[in-house]
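Should a chain be cited, it is by its letter among A, B, C and D, assigned in written order, with residues numbered from 1 in that chain.
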C-alpha cells in the first residue's frame, strides 16, 4: 500500500505518480449532471444573494463580449494579477460584500479574534469555489488571518462578476467570470497554481477539480501542501477513493460531514426551501394537499415537518426500517409509493437513490400532480422515461414543465427533476455562513496541527471545532450558552470548553 | 326613513336621487391607496395564475400602442360588442381558462348540476371585477346557468388581455384591458350598462364602482335590478353606508363576510403567504428568528402559526383582551411593541389599524430588521415618517427597500408598507375558487329568492349556501362528508341538509 | 304571547303559574345521564383540586354516619344557619380555599377593585353549583363585593365537605354535603330559598334545578328577582325553552356561551384533557397511532391538534361542510367512519350527536381499539348495544372496561361512554377561574343594569364584560395588552376600552 | 494488559481474579439513588402494565407474611425449582402475560420465525431484570427459540408476583418476589447461578448486579459463558470500566445505546411522559405557561416539542453549542437559567449533570413554580439544599411536595427531584417491546456469532440487527417498507437487506 511504502521506503518519488485519473474530458462533459452536487448550492443561492444586485446582473449584458482572457486590466493600485470580467464593477461588488458581511457575523468574529494572533500567517491558500459575496467574506477573512489567497471558480456559471471585481480591486488574485468555457475553466485553475515564485501550501476545494488538476499537472506541489479542505459530496467522495487507493498524499478535511453543516444544509435548509421552491414555481396551496415524500433522512424530515405544519397530509416511503419507524412516530403514514400514487397531489423525492419515481408511477399519477426532487442527484425521477413521443412537454414557466398525456392528463414537473431547492429556491446566507466558517476553521486546524496529528487520510472536522462553528453563530440568535462549573465538568468528565459529546452522539 | 317611505308611498320616484355621492374624482384619485383592499388580491394573484402564460405577457409589449377604444375588432362569428386589447390572443387565453377550470372544480360542478335547470335563466348580469382566467371560469359558469353577462374591469391594471380576448371570442361583451386610463375605466363600465335593448337585472361588483356608477348615472335602472352581490371590504362598507342612510334600493349580498371566504382569505391564505412573501423578497431564514406580529385576528393567527412552525420565536401585540388570551394559550408571549422592538428580526403588522409601527419604533429597530404589512390597509406602518432627509432609501430589489440611518443601520422595508401578501406573494387559485363560487351562489340566491325574503338591506350569504360553497370544495381534498341519519337529525333538531350551525357559531 | 300579555295586561298574577314542569321525579331519575352536562366538570375536577387534600377525603369515611340533617352544628361564632357534614373540617377547608385563591387571581383582582365601591351591595344571591374550593373563592368574592349568599349543591356527589365547612365557619349559609339523597338535594335547595326574613334577588344556577324549584314552589319570589345567571348547557336550554314559551319572567344571562368560557371549556381544555384522559386510563403511546375523531367543532379541533402534535395520524368525520373544510385545511383526512374503522387504534367522539359509534362499527374495530367520548352527552357511543350476552365485559381498571368478543377481540371502552375529560381527567383551576369570573361579572351586570336594558329574555354576556373576563386573566401569563391611542380609536371607530369586535366576530 | 496476557499465555487462570470489586455492601446501600438508572423504568412502568391487574396487586396484601424462602411450593407438574410469592396466582399472571403478548408483536413474530430453526438451542440464559408481564413475554420467547432460562429480579420492589407465579407454573426457574430484603436479593441471584448440573452460557443483565455476582463468586463460570447482554446505563458503565481495566473476559453487548432503543427511551417516550407526569401530579394547564428546559439532548428535545405543541412558551439552557444551535433553529430562546428563573412557571432538568438547579435559583423562583427532573440522575436539582429549617415541606399528594419559604412562597417539587417520567408517569409497553426485542436479538447474535467476531470487549448491537428490531415493530403501525431493487442497491452500494446507513449516521 502506498502509504506504507512511502513510510518505509522514504522514497522521494512523489506519491501521486501512480494515480490514474478518470478521463478529464469525459468528467467535464458530465458536468450538467453535476448540478446534483450540493456544492452547487452556492451558484444557485447566488440568485438569492445577488438579489441586492440585480442591477449589476443586467448591466452585465451590456458589457462587451471580449473574453476576459483577452483583456488586460489593472486595479487602482496597478496590480494586474487577476482575470475577471470588468474591474469597473468593483464598487458595486464591494457593496455586495459589505451587505454579506452583515449576515456573516461568525467570520467577522473570527477576524476580530485574530487581530493579535494570525493563525494563517504564512499560509498560501489556493481556492476553487463558487465566487460570490459570501465567498469574498471568507477570502477576506482568510487574508485577515494572515493567509495569501489565489482563487478560481468551481462552476462556470456561478461567478458574481462584480464581486470578483471587488476582490481583484482589493488585491486578490482572482481568475473567474460568469460564463466561462470549459477551456477557460481549467485555464483559470491553472493560473491560480502555476505561478512563479508562489506555491500554495493549503487547498480549499469545492468539487475536487482543483485537487484533481494539481494531482494531474503538478504532483510535486503536494510536497509543500499541508492539507486539503473539501466541502462537496463529490469532492469528498473523490478524496475517500484516493485514500482507499492509498494515493492521498496529504491530510484532507471533509467539512461536508461536519455536524453543524449537515444539519443546516439538509434539515434546516430544506425545511424552508421545500415550501419556497414549490410556491415560487407553482403557487400551490399547501393546506389539505396530499403529499408523498420519498425518503425520511434529514432532507425528508425537513420536508415532511414543513408540509405537515402547513396543513398537508404527508405520506412517507422508506427503505430503512429505523428511519421508517421515525416517520411513524413523527405522525406520518409509511407506505409504498404504489399505495398512494393515484391520490397524491405532490410527489417529492429525497432519497439519494435512482429511479425512485419511474414511468409506471408517473403514468398513474392524477391530473395536475406536481413532481419534484429534493435529493442529491438528478436521477431520482426517471425523467428520461418521459421523453417519449406520445407525451407532450410544455414549458409553462421557468423551471416548470407540463408533461401532457394523450388523454390530457398533465404532470407538473419541476426543474426537470434536478434539485428543487437549488434550482427554484435560494440558500440563505446563514447556511452559507455556517459552511464558510467551517472551511476557515478547517484551514486553521490543518495549517496549525502539530506534526503527526493528521496522516494522509480524510478526516472529519474535530468535534471541538464543529462546536466552535456553532458557538460563533449563536450571537445571531442572541442565544446565551451556559458554562459548566468546575464541579460539573468534573462530574461529567468533560473539559469545560468541550468537546461535549462523544463522537457517536447522534444530535 | 327612505325604505318606509317607499313602501308607504309607493312613490315612483327612484330612491337613489337622494344619495350624495362622494366626489367621484377624489375617490378615483385615492386609487393608489386602494391597493389595500383585499379585492385587489385578484389583480395580483394574476401574477400567479398567469405564470403559465408568461409568454403572452411579454408578447403584449410588442403590441401596437393604439388604444382599444380606437380599434374596431370582431370575433370569429362577426360579433363586435366588446372592447379589448387584441382578439387574436383568444386562443392563448382559452388555454389559460382551461387550466384554471381544472383548479376550480366547484364551479365546474355547478355547471353540471345546472344542466337540467337553469337557475339564472333570464338573468342579465353586469359585472365589474378583475378580469382573469378565474373570472372567466365564473362568467362562463354564469352563462351555463342561463345568465347573459356584460363585464368591465374593477382595476385598471389587473386585466389579463388574452383572457379578455378569449371571452370576447366566446361571445361575452367584455370591456377591459390592461393599463386603462381613468377615463377608460369609467367608459368601460358605462359600455356595460348603457346599451340599447339590454338592461341588467343583477349586479356583481368588486369595490362598488359599478354600483356607484349606476346610482349616479342610471338610478332608474334599479327598478329592474333584483340585487347586488359585492365582495370587497370597500364595496361592502359603501353598501352598509347606503343602507344606514336608507338609500339602498335593492337587496345586496355581502359575500366578503361569508364564513368560508373569510377563513380562506385570511387565516389559510395568510398562513402560507407570509412565508412566501418574506422568502421571495428577502430569502430570510425563518429558523430562530425573533418576530413580532402586531394583531392576533385571523391574519395574525395565520402568520403566527406559520412562523412558529418554521422555528421562529414569535411575539404578539394585541389590543383586544380576548384575542390576547388566545395568543397566550397558543404559546405566544403577549407584549407591547416597545418591549421587543430592539431585539426582533422581523416586524409584521396585521391590525387593520393605522400607525402601529411609527418612526419611534423604526428608530429603535436593529440593523437588518425586516418590516412588512399583512393587514388590510397601507397605513399600519408609518412609511411617510421615513421619507425624511436624514434617511437614505435604496431600492435593492423589486418591492424591497433598504432605509438607511445615518449610522449605517438598515431597515428592510417591504412593498413600501403595502400588503405583502398581495404585492410579493400570490393568491392561490383555490382561494379564488372559493370566492367565485360564493359569488355565483349569491347571484342565484338573490335572483331566485321569493318576493319578500330580502328587503332593501345588506345580507350575509345564508349559512346553508355558505355550507354549500364549502361542500363543493371538499372533492378537491377527496374528503367524504358524513350524513345525518333521520334519527340523528331529529335528535339535534336539524335539517339533514343543513344549515348545521346557529348563526352565532364561531367556527 | 306571554310577554306581551303581561305587558299589556299588567296582570299581577305571576307569569310562572302557567309553566308546566316536567315530572320532577322523572327528571331526577334521569340524573345519571346528566353526567353529560359540562357543568358537572366541577364535581370531577374536584378530584384534581382536592388533590392537595386527599387526606381529608379519606378521613371523611371515618366520620359518623349520622345524616347532617339530623345534626345541630354551630360555627365558632355561634351561627347555625347551615347544614354540612362536619364543621370541624373548617380549618382544612380554609387551606384548600387559600390554595385555590392563588390560582384564581382574576377573582382576587375583582375583590381588590371592589374595595371602594360595592357593586353587589344589597344583592341577595341564592346559588346552586358544585361546592368546591373554587366556588368558595367565588362566593367569598361575591361577599366582598357586597352580596349576601345562600348556597346549595347542584350535584349530590360533588361537594367538598371540608370546603363547605370552611364556608359555614366563615358565615355562609351553606346546605350541602357529599352523598346527598334525592330528598336531601331538594331539601337543601329549599333551605336556601325558603327562609324567614330573607328573600333572594339574584339567582346563580348551574343546571337549572334551583330555578326550577323556585318556579315550582315560590313563583312569587320572581317579583323581587333581578335576574338569573346560568352556566350549564342544560340550564341554558331550559331557559331558552321558558323564553320561547313566554314563561321567563326575569332576565337571564347565558354565561355558558360567552366567548372566553367557550374557548376554555372546549378548545383549550380538551386539547390537554384528551391526552391526559387517554394516558391515565390506558397508558397508550400516541406516536404513530391512527385515530379517528368524530366531529370537528371546538372540542374536536382541540383533540385533533393535540394528537397530531404528539405524532398520531388523525382522521376526522364531520357532517358540516364548513367544519369539514377546516379539517382539510388543518391537515386531516376527512373520512366517513366506515372507511377507517377497521384500521384505527383510537376512536374519539366529539359531536354532541347520538349513536355516532354504533354496534356495527364496534364489531368491525380491531383488537385493542380504544373507544371514548369527549362530546357533551353520553349517547355518542351506543354503549347499550354492547350489553348483549355474547360479549363479555371485564373491568380492568377504574373507568376502563374491556369488552370482549367471542373471538377474543377486545375493545377498550373508557368511562362507559361518558365524558372522558370529566371522568378520567381534571379541569384545571384556570378554566374554573374563567367560569367563576364570568359568573361574578354576569351577576354584577344584571344587578346593576339600568331599568330596561334587559327584558324577560335570555342574554349573552355583553362583549365588553367578556373582554373584561379575558383581561383579568392576562396577568397570569405576564401578558401586556396594547392600548389604542385616541387617534387609532377614532380611525377604527372604537371606544378605547372596548368592545373591540362586532358581535358576529368569530375569534 | 489483561487481554493480551490471556491471549499470549493461554493461562487457565481465570482473568477475573484481579478484579477489585467495589464494596458490595456500600453499592447496595446506595440503591435508593439507583432509582435514577433508566433501567428502573421497567419497575415503574409496571404500574402501567399492571393497570389491568390492580385487583391482583391488592389481593397480595392479604397474603400471608411468610417469606417465600420459607415456603416449599410446587407447580402443577410437581416442579419446585423456583422461589416466588404464591404459585396460586399463576392463572392471574397468565392473563397478564397474554395481554402483554398482544402489545409485543415483535417478540411474537420472533417466535414464529423461529419455529423451524431454534437459534438459541443449547443456550442457558441466566437473567436478572425486572420481572413483569413484558419480561415474561421475553423469557417465553427465549424459551421458544430454544433457550433454557433461570431468572432473578434486578430490583427488590419491581416484581409482579402473579407474573412470577405464571412463569413458575410454566416451568421457569424464577427466584423473585415483591419486597425482597437485601439478603433475599443476592440469595435469589445466587439460586439462579449456583445450581447443580446446570451452568449458564449467556447472561442477560439489567444493572450489572448479576454480572457482578458471578465475577465475585464464580469467576470460573466465565469460561463457558459466550457473552453478556446489558441494557442499563449503570450496567454498561460498569462493563466499559471492566473493559478499560482489561478485566472483561467475555464479549458484552451494550444494548442501551442501540439507535432504536435510545430514540424510544429518550425522545419518543419523554415527549409523552413529560405531559403525563406533569398532569398526573399537578393538573397544571400547559397553554401559555412559561417553561425552562435545561438541556437539549434527546430528552430535552422531546420535552420541548411536546410543551411547545401544547401552547407553552419554552426556554432552553444548554452547554453544548451544537445542541444550542438546534434549540434556536427549533424555535426556542436559548438562555441562561438566571435570565428567566424569576418568570417561569415550570423548570425541567434533562441534562444528566449535577446541581443544575441550585438553591440560589430555587430562592428566586416565583410562587407556585413547579420543579421537576427528567434527566438520568437525581442530582440535577439540589434537593438537599431545600432541607433547611427555614423551609417547610408539605406533602400534598403522592410524589408532590410543597416547599414553603418563610414569606409563604411555595415551590412545587415533584418526586423529590427523582425522575418524573419514572416516578409519576408510565413507560408504554411499546417502548418495553423495543427493549425486549433488542435484548433477544443481542442474545441470538452473541450466541451464534462465529468465533472471533467478538472479542473481550463491549459492543454496540450491529446496525443490521438494530434495523431488524425496528422492522419488527413496523407492523404495529401498519407501515409498509419499500424494498430496494437490485439496480438501486447496486447504485447505492448497499446490500438489499441492509445495513442501510454508515455507523456514523446520526438519524
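Here is the rule we go by: contacts are C-beta pairs under 8 Å (C-beta built on N, C-alpha and C of every residue); 3 or more make two chains touch, one makes a residue touch a chain.
Bear in mind the structure is a predicted one, so any value in this text is a computation, not a measurement.
Touching subunit A and subunit B together: C, D.
Comparing mean CA positions across the assembly, the chain most remote from subunit C is A. Subunit B and subunit D have Cα centroids separated by 59 Å. Centroid to centroid, with C-alpha atoms defining each point, subunit C and subunit D lie 43 Å apart. If you average the Cα atoms of subunit B and of subunit C, the two centres end up 42 Å apart.
Under the contact definition stated at the top, the residues of subunit B that touch 2 or more other chains are 268, 287-288, 310-311, 328-329, 333, 477, 479.
Considering their complex, residues 287-288, 308, 310-313, 328-333 of subunit B touch subunit D.
By the touch criterion given at the top, residues 48-49, 51-52, 54, 102-103, 268-269, 271-272, 275-276, 279-280, 282-288, 290, 306, 309-311, 343, 367-368, 396-397, 400, 402, 425-426, 428-431, 476-479 of subunit C touch subunit D in their complex.
Taken in their complex, subunit D has these residues touching subunit A: 257, 259-260, 262-263, 268, 317-329, 333-337, 339, 352-355, 466-468, 470-471, 473-474, 477, 479-485, 487-488, 491-492, 498, 500-501, 503-504, 506-507.
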